[in-house]
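Scrolling down, you'll hit the structures one after another.
Note that subunit A is present in both complexes that follow, paired respectively with subunit B and with subunit C.
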Partner chain A sequence: MTTEKLDTVKAPRPNWTSRIDLPVATAFGCIILLLLIGSLYSPNFLSPEYLLQQLKVGAFLGVIATGMMLVILLGQIDLSVPWAVTLGAMMASAATAYGPMGEVLAIPFGVLCGVLMGLVNGIGVAYLRIPSMIVTLAVNVVAQGLMVAYTGGFAPVDSASPAMRYLAAGTLMGIPNAVIVWAVTGILAVFLLGRTTFGRAIYGIGNKEAAAYLSGVPTQRVVMIAFALCGGLAAFGGVLLAGYAGKAAQSMGDAYLLPAIAAVVLGGTSILGGRGNYLGTIAGVILITLLQSILSVMQIAEFGRQIIYGGVIIVMLLLYGREKSGR
Partner chain B sequence: MNLAAGRPRGRSGRGIYRMDDAVPLFRMEGISKRYGGVHALDKADLVVHAGRVHAILGENGAGKSTLIKIMSGVVAPDEGRMLLDGQAVSFADPAAANAAGIACIFQELSLIPDLSVADNIVISNPPTRFGMIDRKAQQAIAMAALERAGGGDIHPMELVKNLPLSRRQIVEIAKALARKPRVLILDEATSALTAADVETVFGVLRRLRSEGIALLYISHRMHEIAELADDCTVFRNGRKIATYPAGSKTDDEVVELMIGREYNSVFPPKADNVDRVATPVLEARNLSWMQRLNGVSLTARAGEVVGLGGLDGQGQRELLLALFGVLRGVSGDVLIDGEKRIINGPRAAKAEGIGMALIPEDRKTEGLMLPMSVRDNLSFAAMSRVSRGGIVDRRAESTAIDRMMKLLAIKAASPSIPVASLSGGNQQKVVIAKWLMVEPRIILLNDPTRGIDVGTKQEIYALLRQLAAEGAAIILYSTDYDELIGCCDRVLVLYDGAVKRELVGSDITEHALIASALNIDHQEAVA
Partner chain C sequence: MIGLRYRFAEQRGMLLALAIFILMFTLYVANHPAGFTPNVVQTAANKGVLLALVAMAQTFVVLTAGIDLSVGMIFILANCLASYLLVGTPVSVALGVSGVLLTGLACGAVNGLLVIYGRLQPIVITIATGAVFFGIALWIRPYPGSADGFSSDLADALTGKVFGVFPASLLFLIVLVLVVWVPFRRSVVGRAVYAVGSSEPAAYMSGVPVKRAKFTAYVLSGLFAAMGGLFMTFFTYSGEASLANGNTYTLSSIAAVVLGGVSLFGGRGSAIGAIFGALAFRAIGDLLFVFDFDPLWQPLFQGVVLLLAVSLGAARLFQVRNRLDLFT
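Here is the complex of A and B:
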């Protein structure tokens, strides 16, 4: 260390407690709290089967939220997630209908469609300088239109490929494959954010785009790629969902926009960008999944569920959305 | 009035009242204002009389702007009092100052381009009828104000964005007049105008003076002050230094009053080992951009510290940004090692073969990502040097960072703490170190020591010398004249986006810097 000739306090090795940030700890605390509340209702809430089931359900959201996190870290937002999810699901299923070759290429094709959609978002935001809220919303509607045109307004008839079903619904040594997929996605995301120049650039741009630009970072390219990744991951989420359900469905992605954003933000990623770690997003995803599960198990009427769900998200954002004022 | 002293450049006593009228229209007594630990104003006094033009002079940071902000109710003083017609007053906000009869025309135009002239003129207090804006009354008010401001030819319904700059300035004055001011403050109101427009505005101001309005005139342009002012007050480091009738002092004496500081020697010795025949590392030819740069040419050789001087806002910042490739639409050529190169952004500038670094002006928004760690900030510009195939080599990174933290003696408990938690001086060191990580050959610095403590300044001066000795070409813009004198082998003084004068070696004196910065004729100013 450099402290030899300096008159500052000796640099202590940062211990593990200092590495945990408050929002992540809060999110995990809330998870435990939810489980305890649930266990009062039924002891099943603490059983390994239930927890594994929740992880499996959360995996789809987890994959989608990973992409959303990249974009939010930039200080942007991607509102085209719903139809990126549906696009991925429908295109992968559609490819499946084209013989054995189509079956093999179904997953990559679905993801590629999402990447292209994200690329349009990214070009709009980075190069055409359109606010991401507008351009992604517009692209979402365009994608919806294209998909409706493709199906002619009817429910899609294609079904998911065996590979899609295996990834989403199969198990490997008792662990749901979806959970493994999410874990792999997460490890890649952690590596990308923590160990690559691309990851550093994302945090830098999210903090101060001007400073990042003046440092010689190709800010426009980084923003574009991040949106493309977000689109691709959303579509991949859709591919998995289609595999889980056996087929794609119109507007199957609609239920994933708010949860994806909420999971990222509940996990402590600043909605203004530049701050957050993937552990938090994992916590956010689990938290949202548990919340939805408990509300449905408690057999609260649909309207009540929605009110509580929205209310809890607002309260949690209030809990740690404030420490930002120093920035 | 003392008409005998000095050259008769300002004719004092031409106002309709004399300075020693019984009760001055406006008076400030012992006004102080601190920002953090810095005294922006320190027990300042000012007496303003009706029917006179009172000029305020001072260097950058002398306290002029703070003075105006206090007068116009933008900020509240920490202590002291203000008297209007001999009655103590205090302003909670600009509206209160307006109501009391004090109107201000700020340096930046305050008009809204997409509204009409009339809308703009009455914007703070539009005439209403049954709760709706009375268009007819609004037009009448606007027309009367424009007439008084010498803009009778401007149609009140014209959109401001369709007017040329000089006309907008007239509208700005009309807007101030519509508030029926007794004291009218003009803060660098002519800095955007051409000579002909300035004449028009001056005609208007003279008439306003004859109507008994007190005018407070802030300008860096000495000849304008000589032409217009009745009284002058010099500020320096937040203190009032002197008030005197215009024309009673020579330009030399005025500059003397404005400098007046002790010259402190905190600078390392200059070691002039510059090879003057070698091809310059950096040469710029005839750089122009949007009227902010008007044909700037310069050279910088290895081992040389070249200063950019002049008043704030004469194109120095734009010049550095243009060299770094940040500005769009710059005409002229940049040569690196004698070869023409296209530098279209920071990425190109820092690339191999050019090796340029820019220490930006504002470390909080342009230099650093404050919430990020010292480590992340330090390696941010030099990512390609500590990574392979896009993957960060953590060992190489921490070696490079440790070296830099030692070299600049950055005081941080650990490289992983947020840079925001460091002191200002150490933050600035991080900005500089971040760019030294790319091992630049050409280092551009935009006022690198602003707002940091003397000790750190000294370290930075020594570092600059060391870097120059190691062969870097350094271009240093500073608003602090001492720094230019102490650090630079050569100083280019900019005025109105062009190099006005080049000072070399022992010619770099405070006197010469200020005289050429103010664009005073050099024979009469340099004693």
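Here is the complex of A and C:
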């Protein structure tokens, strides 16, 4: 009897307002606001060429932030991103130097190095139970040491392979390939997070690892794989960057750690883990890229850029990043 | 007997850092061409004290289970500011020093207010405030340098030797521990900081002044980071707004704190441990210079030692009796 009655009660249809959460909406609102401010300065800001150019520049950050998001959803953090990026770029360029075979394997090899680095992070966090902030910090220093010893402290002489250049700087039917690469990465990430057991396990672990473990999730393996994916994506971002610039450079990844974290967090992903969606990360990446671009177009001095950049992040976090009052 | 065991357990991290430091420093001095002379000790002490001050700054915040990623930037800001303010007569130098320290206090207060009343996660918000602090530093000091008439008297006094043997910077650090850390540790606010770090809800339920404790921790963190920046100016006689330096000091401070046995989960450890952690970290870095290794291998060596040191934290796995304990 009761079951029949329950069946007749319709679940409230989710209307579109309840599906879009506040942080993502605010982030997109801020993007539009930024574009409007920019268009007051110069009408070029609303031209398709400028917007595509921004998406292209943002694509590198987008790929790196995707990996960072997986780790932040777990409630962890990956501080080894700078040298994972550089490692990927340098190793892919180095492989290119080894003849035609090396050229073919350049991209997979660069990404593989990043995956291995992420795997070390993951083992440290998942199995040795060392706080992620420390393990990734130490692994970052080790990777830096390896690369400094490998290059002899100079900028590496190897240059990027044609495939890397094509992926990062080429265009397909007027759309920059980098944007397509980011779109594919994003679609895979959305599928992974929303439609697979692995993705659901990430959210579960981020909420309460002990509960996820008791529900039969192999939490340690999931954490390890997530870190490996983060390392691989960071290295892939580095491969693209090397293709864009033509070659790898020392400390090319330093400029990507804080923006990656900021993009994920501005997109509404909780730094404590367990909450957030990929749409928000896209918004965060575009927001940060636009902000940096507008500040440099307006020819504001470097100090002013830093202050405004920090100030905008603080204000946006105060708008919607606040935790509920515990009392 | 139980009291003794408890005390030992409480100080274990600090003792480990002390042991690493003594081992590394002995190796360093034993292989140093000049040997164990006051000058060698003075140089090592000056470099170590710099990081020790920033590590102490980090400790206050880490004890509340937070993290301050802006210490390096406050350090840089203080360094740049001091390169302008430490000029002229002793009176104006004294005013300059207090100005730098007040700036540090203000930076810490901003962090504290944003964390407490903004209810934001410290790890994110200090990244953003760090960018602002660095921007201000770059504004006042776009190019490395120092003001005309830079007064080096105080700088020389605090980086020199007392009675020709004991490094003055080390003495300053010891005085600082006795005047600030020990009273803080015994005060109500100090205990509250530990309580908040162990469990904030429990601390709140027990009537611990949670907000006051957190605010004090962030303000003291800003003050100590500014002191570090002041010392940087004492060594170099100039200021430089270097992003790389700021990041290095932030990350090194976390490494030193961890080596010194302060738990990143909050509520455990002491600033004294962090000091030994900082000294040990510096000694490890210097070790390669005396062994005639190619300097290219130095970052790798430092990284591997750091990785091994933090892996020691995995030792607690042997004490786990229930797998669920892993996830706390």
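Keep in mind that, in the parts below, the second predicted complex is superposed on the first by the 313 of 327 C-alpha atoms of A that agree within 3 Å, B and C clash if a C-alpha of one lies under 4 Å from a C-alpha of the other, contacts with A are read in each partner's own complex, and residues count from 1 in each chain.
We take it that contacts are C-beta pairs under 8 Å (C-beta built on N, C-alpha and C of every residue); 3 or more make two chains touch, one makes a residue touch a chain.
Computed from a predicted structure; not experimentally measured.
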First (subunit B), second (subunit C), both or neither touched by A:218: first
Partner chain in contact with A:275 - subunit B first, subunit C second, else both or neither: first
Which of subunit B and subunit C A:139 touches, first, second, both or neither: second
Which of subunit B and subunit C A:210 touches, first, second, both or neither: both
Partner chain in contact with A:302 - subunit B first, subunit C second, else both or neither: second
Partner chain in contact with A:97 - subunit B first, subunit C second, else both or neither: neither
Which partner reaches more residues of subunit A (counting touched residues only), subunit B or subunit C: C
Partner chain(s) touched by A:46 [first = subunit B, second = subunit C, both, neither]: neither
A:197 touches, of subunit B and subunit C: first, second, both or neither? first
Intersection of subunit A interface sets (partners subunit B, subunit C): 210, 213-214, 326-327
Complex contacts: residues of subunit A adjacent to subunit C: 77, 79, 124, 128-131, 133-135, 137-146, 148-149, 152-153, 209-210, 213-214, 219, 251, 254, 258, 261-262, 265, 271-272, 301-311, 313-314, 317-318, 321-327
Residue ranges of subunit B touching subunit A (in the complex, touch as defined): 324, 326, 345-347, 349-350, 358, 360, 365-372, 376, 379-381, 383-384, 387, 390-392, 394, 402, 405-406, 409-414, 416, 420, 434
Sites on subunit A touched by subunit B in the complex: 1-3, 5-9, 11-12, 14, 195-198, 200-201, 203-204, 207-208, 210-218, 274-275, 326-327
Interfacial residue positions of subunit C with respect to subunit A in the complex: 67, 114, 118-121, 123-125, 127-139, 142, 200-201, 204, 244, 247, 251, 254-255, 258, 264-265, 296-304, 306-307, 310-311, 313-314, 316-317, 323-324, 326-328
